[in-house]
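Two complexes, one shared chain (chain A), two partners (chain B, chain C).
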Partner chain A sequence: MRTYALYFVSRLAQFVLVVFIGINVAYLITHLTPIDPVEQAISSVTMFGQSSPEMVEVMRKALRELYGLEGSAPQQYVTFWKRLATGDFGPSLSAFPTPVSTLIWQALPWTVGLLVCSTLIAWMVGNFLGGLAGYYRRNILLKALGIVAMSLQPIPYYIVAFILLIVFGFLWPVLPISGGAEMNIDRQGFAFAASIIQHSILPALSLVLVGMGAWFIGMRSLVSNIVTEDYVTYAELGGVDRRRILFSYVMRNALSPQVTGLALSLGAIFNGAIITEVVFGYPGLGTLLVRAVNAGDYSLVLGITSVSIIAVAAAILVIDIIYPLLDPRVVQG
Partner chain B sequence: MLKIVRDLFRYNREFALGTILILVVFGFAVASFFSPYPPLDSYVVPPDVPPSWAYPFGTNSRGQDVFWQLTLAIRNSLLFGLSVALMSRILSLLIGLVAGYAGGVVDRVLMTINDTFVVIPLFPILVLFFFMMHDQMSWPLLAIAMASLGWPYDARLIRSVALSLRTREFTAMSVFSGMSARQILVEEHLPYVLPIVFSTTLNNMNWSIGLEVTLSVIGFTNIETPTIGTMIYWANQHTAMVAGVWWWIVFPVALVIMAFLGLYLLSVSMNEYIDPRSRLMRMDSKV
Partner chain C sequence: MTGANGSKKVMLAVEHLRAYYVMRYFGTQREVRAVDDISLEVGRNEIYGLAGESSSGKTTFVKTIAAAIRPPLTVVGGSIRYSFLDRDIYRLDRAALSSIRWRHLSYIPQGSMNVLNPVRRVRESFNDFALPHMGLPKQQFSNAVIAHLERLQLKPSVLDAYPHELSGGMRQRVAIALATVCRPDFIIADEPTTALDVVVQKSVLELIREAQREIGSSMIFVTHDMAVHANISDRLGIMYAGRLVEEAPTAEVFRNPKHPYTQHLIASLPRIGDNSPRTALTGAPPSMADPPSGCRFHPRCPLAMDICRELAPEMIAADPHHRVACHAVNPVVRPGGEQMFAKNLGQRSGLVQ
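And now, the complex of A and B:
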């Protein structure tokens, strides 16, 4: 138990570090770039029609306060973290006066749902098939699958999603290509759930297709390394059931680097998810982010970036915490 | 060296296919120097002409020849990927080699920072960067931003090789003969990690070209510079698919997929060449 506590503390420290460094990068970008978001917002407002200089001055002061750009550099930094800790990113400019946090809370369940489902499916199916392909190396079907996985793996999420959009939007329009659910529908009950699932098929499919390839290839090479180990040969000679060898002896051992891999690539998977959302107009963080940029909504963009960093770090923490259940050796470190 | 390439080409299908794909893509990029039209001008040819002998890839709604536009776009995309990859190599080499050679606390500190950068979601951060820069956003700026964020994964790979070099006898030998740490890293260890640096360069190019395409397509880069991403962006702006101008979208997408596949296959076959174990396995599975 003590070793687990130690392990837990070290993982927690990593979580804090990821959030700390990530948020600082975001802070640096907003404060080191020569562009002043306040002046930008003002110029976009004054672009349409005349405003008196006094009014502009009042607006400038209000915006500076709102954005936490008042005071000296250290003061600004402290204000920044204070806002983050309380989850208060101020009101959204494009959806005034709705707070940024409300908008993010509305979008977050969509992103989390899409991301969790598609990542789990991609990880499990990819590892399962990859394990089979590594163990039964002469199987034609699995070899063909390997070629498909290899040709999908290097393609960025955007391109795969875009191709699916073209195929299912123009060539063979059977699935909804935009939105998270049908508009005019009772927001509860079976029909709504079915609509959500139907709308998420294409975004999820593009995430699964790209993700699965990487897990497949990784697992295949891990398994084909492990099958040459002596203990596997021994088990085979001892007449242990082949299926049992594959699942309990070989794949279980190969799974542990794949869990580490999942934790390490979660940031990239998150990137892919928000890009896919943009392609399919899925009402999650990605679509919100693009809308915020196009509307010039500084607080919303900064809020989404911060929440993304915290969300990914938290997801990794969750994986790390349940990891010892799969492989008790990691706790001993 | 030539013999290795020839053998790889003959016995390694991934290498052969990857080389062919990259040569085709590279051919397109070189062709851009012979373009008969000024690349940024529009309405130099009749708009929306389907692919024909006169215009092999058709013309787009802005009155540009898709073929010649594409040659310039792929050249810019490749150059972008290459410059990001080269710049980020400096960071990943420095951190990987130092962490591997120093070991102990230095290694642990560097790798903790490294792992932190691996998991931070870069896309929102780059979007934030674009949001702050807006009109001042340019191609070199984006390259620098991506290079300063895109090193950690490869630094870890380089460090794992460097870690094994640390305990080798020749390292101890160099230390005893009075070489400085810098000398050992540059003269002794660098040659050993070069193969893996090369294969990570290809992977990093894939990553950066992909990210550039993604950012451009949403319009979050300087959309006036023709790259594969901005080409798709303009096609989407003119709703090319709905208007039936499919050639404006299909050809850039097809060419960039060829580039991704080619780079990936080359890096995979390089990795296999570096790691003889997987080469043996391939021979085994052929029997």
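And now, the complex of A and C:
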């Protein structure tokens, strides 16, 4: 138990370090961009008519203060961390004065809901079928599935998304092709939930199909290595129950690297499906990020990036913490 | 058959067993004759040692008699009869086969330190392997396992360990305990001590002997290490290129080897006080995909005669309890009625003190 506590603390420290470095890099990059949001805002105001230079100067000063740009670079940096400690990323520059955190909070549930569900479904189905395919190598059905998975896997998910869009949006229009839910509908209750699910089918399907193929192929090759391990052949020889061999001996040992993969793809969901969201007009973080980049709204970009960094690091932390339960050899390493 | 232990009960009788690796590449069939026409008997309470150089078919043979083969390895002919079975082991269906495992027939495979599932505690491995075969309630079973471990001088605390927490020697001992916990009638041990240093090897050998004596089971023990055979085996069979070439009580093999291959094998062993250089056999063991005609040893044999190239020698009792497959030892009656003997039997005695 002591080794586990030590392991836990060291992983936690790693998490903090990774988040700190990551956010610093994101801060540096966004603040080094040549786009000055203050000048952009002023030019958009002055576009429609002349303003006196004094007024522009007042405006510039006020905006600098609002955006947290007053003071020297080190002072700005300290202000940034002080704000961040309270969960405040400052106001969005393109949707001024809505705070960045509000925008993120609005988009976050959509992205998390869509991507966590589709990633988990792809992971579970892909690994289960891949495990079966690796273990029962002679099964015709599983062989055919392997060929399908192999041909789906290299196709980029946005191509699959477009194909789905064409098939189910135009050729056989049965599913909604845009948005997160029906507009003008009571945001509570069963009808709303059903509408969300209906709208998520196509974007989720495009992610599941492709993701599943990758998990399927990975798991199948892991399993076909593991079935030749001494402990598996020995268990087969020992008359150990076949289902027990499949799950506790073969799949269980193949699962460890797949769980790591799951953690990484769960963490990456915040930037992994930007194109899917744009294609299907899904109101998630991906759409928000694309809009922020186009508008030069660097506090929003920084906010989304920071959330993404924290999420990736947290996902890895969680997996690291539960990993010893899957593979007891890890703690010693 | 020329059984060496006529008085004792025969636990295993293998007759003319042939097991080949049959592979098909683009329509052409290739065979590797890894086990070719082997007959032997193992008596009750006996440890039968199987020796021979690497790739002589030892492991293939024991896998075959354990019914632990998978394609491309296939049994081409012969029979394998255990005294606890009413029919050939390959006539059993899957369920029947799995029900005799561990209870009657258990197997300590090569590299037995890797046979434990790395993500399961030792206790769970015992449950997986032995619980269904013992037919005991869980509590009683757990007591039986602990009693068995204690008899083999293993601490019951190993049950709570994961395999990686145990040393190699310890894992091997646990594997032996796992293979013997159901008190099987017949144990097949394939190089169980090969990866260990001599000190650990000695104690593992004692453990195997202990387990075998205590249960009263029979055993086939495979290793290429003649010193280990000298320690543990009651009788010894020597394999060469997929065939049994000689079989006798262990002391007899060491004292009076008859087959030229065995003679070289014994002569190559170091002896205290003997500093004369060891002569090595020239050549390499033959490929079993394309074995030499007749006696498979003839290309390397100093006594090779014409007949050796033509006719594979049969295992014949040269002395009671001592079978040899060699034309130079056993005279051959040719169809013409003419008898052939070794050209010079005295030549061989120079090989062995």
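One rule holds in what follows: the second predicted complex is superposed on the first by the 311 of 333 C-alpha atoms of A that agree within 3 Å, B and C clash if a C-alpha of one lies under 4 Å from a C-alpha of the other, contacts with A are read in each partner's own complex, and residues count from 1 in each chain.
The definition used in the following text is that contacts are C-beta pairs under 8 Å (C-beta built on N, C-alpha and C of every residue); 3 or more make two chains touch, one makes a residue touch a chain.
Note that the structure is predicted; figures quoted are calculated from it, not measured.
In the three-chain model built by superposing on chain A, chain B fits alongside chain C with no clash.
Look at A:Asn139: by the touch rule set out above, it reaches neither chain B nor chain C.
Look at A:Ser43: by the touch rule set out above, it reaches neither chain B nor chain C.
Within the superposed three-chain model, A:Tyr249 lies in touch with chain C and out of touch with chain B [touch as defined at top].
Look at A:Gln106: by the touch rule set out above, it reaches neither chain B nor chain C.
One geometric descriptor of the composite model is the angle centred on chain A: between the Cα centres of chain B and chain C it reads 70 degrees, in steps of 10. In the superposition on chain A, contact is made by A:Tyr234 with chain C only, not with chain B. Residue contacts after overlaying the shared chain place A:Ile275 against chain B, while chain C stays out of touching range. More residues of chain A are touched by B (comparison of chain B with chain C). In the superposition on chain A, A:Ser178 contacts neither chain B nor chain C.
Aligning both complexes on chain A leaves chain B and chain C separated at their closest CA atoms by 6 Å. Contact residues on chain A toward chain B in their complex (touch as defined above): 14, 17-18, 21-22, 25-26, 29-30, 33-35, 37, 40, 137-138, 150-151, 153-159, 162-163, 166, 169-170, 221, 224-225, 263-264, 266-268, 270-271, 274-275, 278, 289-290, 293, 298, 301-302, 304-305, 308-309, 312-313, 316. Contact residues on chain C toward chain A in their complex (touch as defined above): 66, 68, 97-99, 101-102, 106-107, 109, 111, 114-120, 124, 128-129, 132-133, 162, 164. Residue ranges of chain A in contact with chain C, taken from their complex: 229-231, 233-235, 237-241, 244, 248-249, 252-253, 256, 326-329, 332. Of all residues in chain B, those touching chain A in their complex are 112-113, 115-125, 127-134, 136, 149, 206, 210-211, 213-214, 217-218, 220, 232, 241-242, 249, 253, 256-257, 260-261, 263-265, 268, 277-278, 281, 285.
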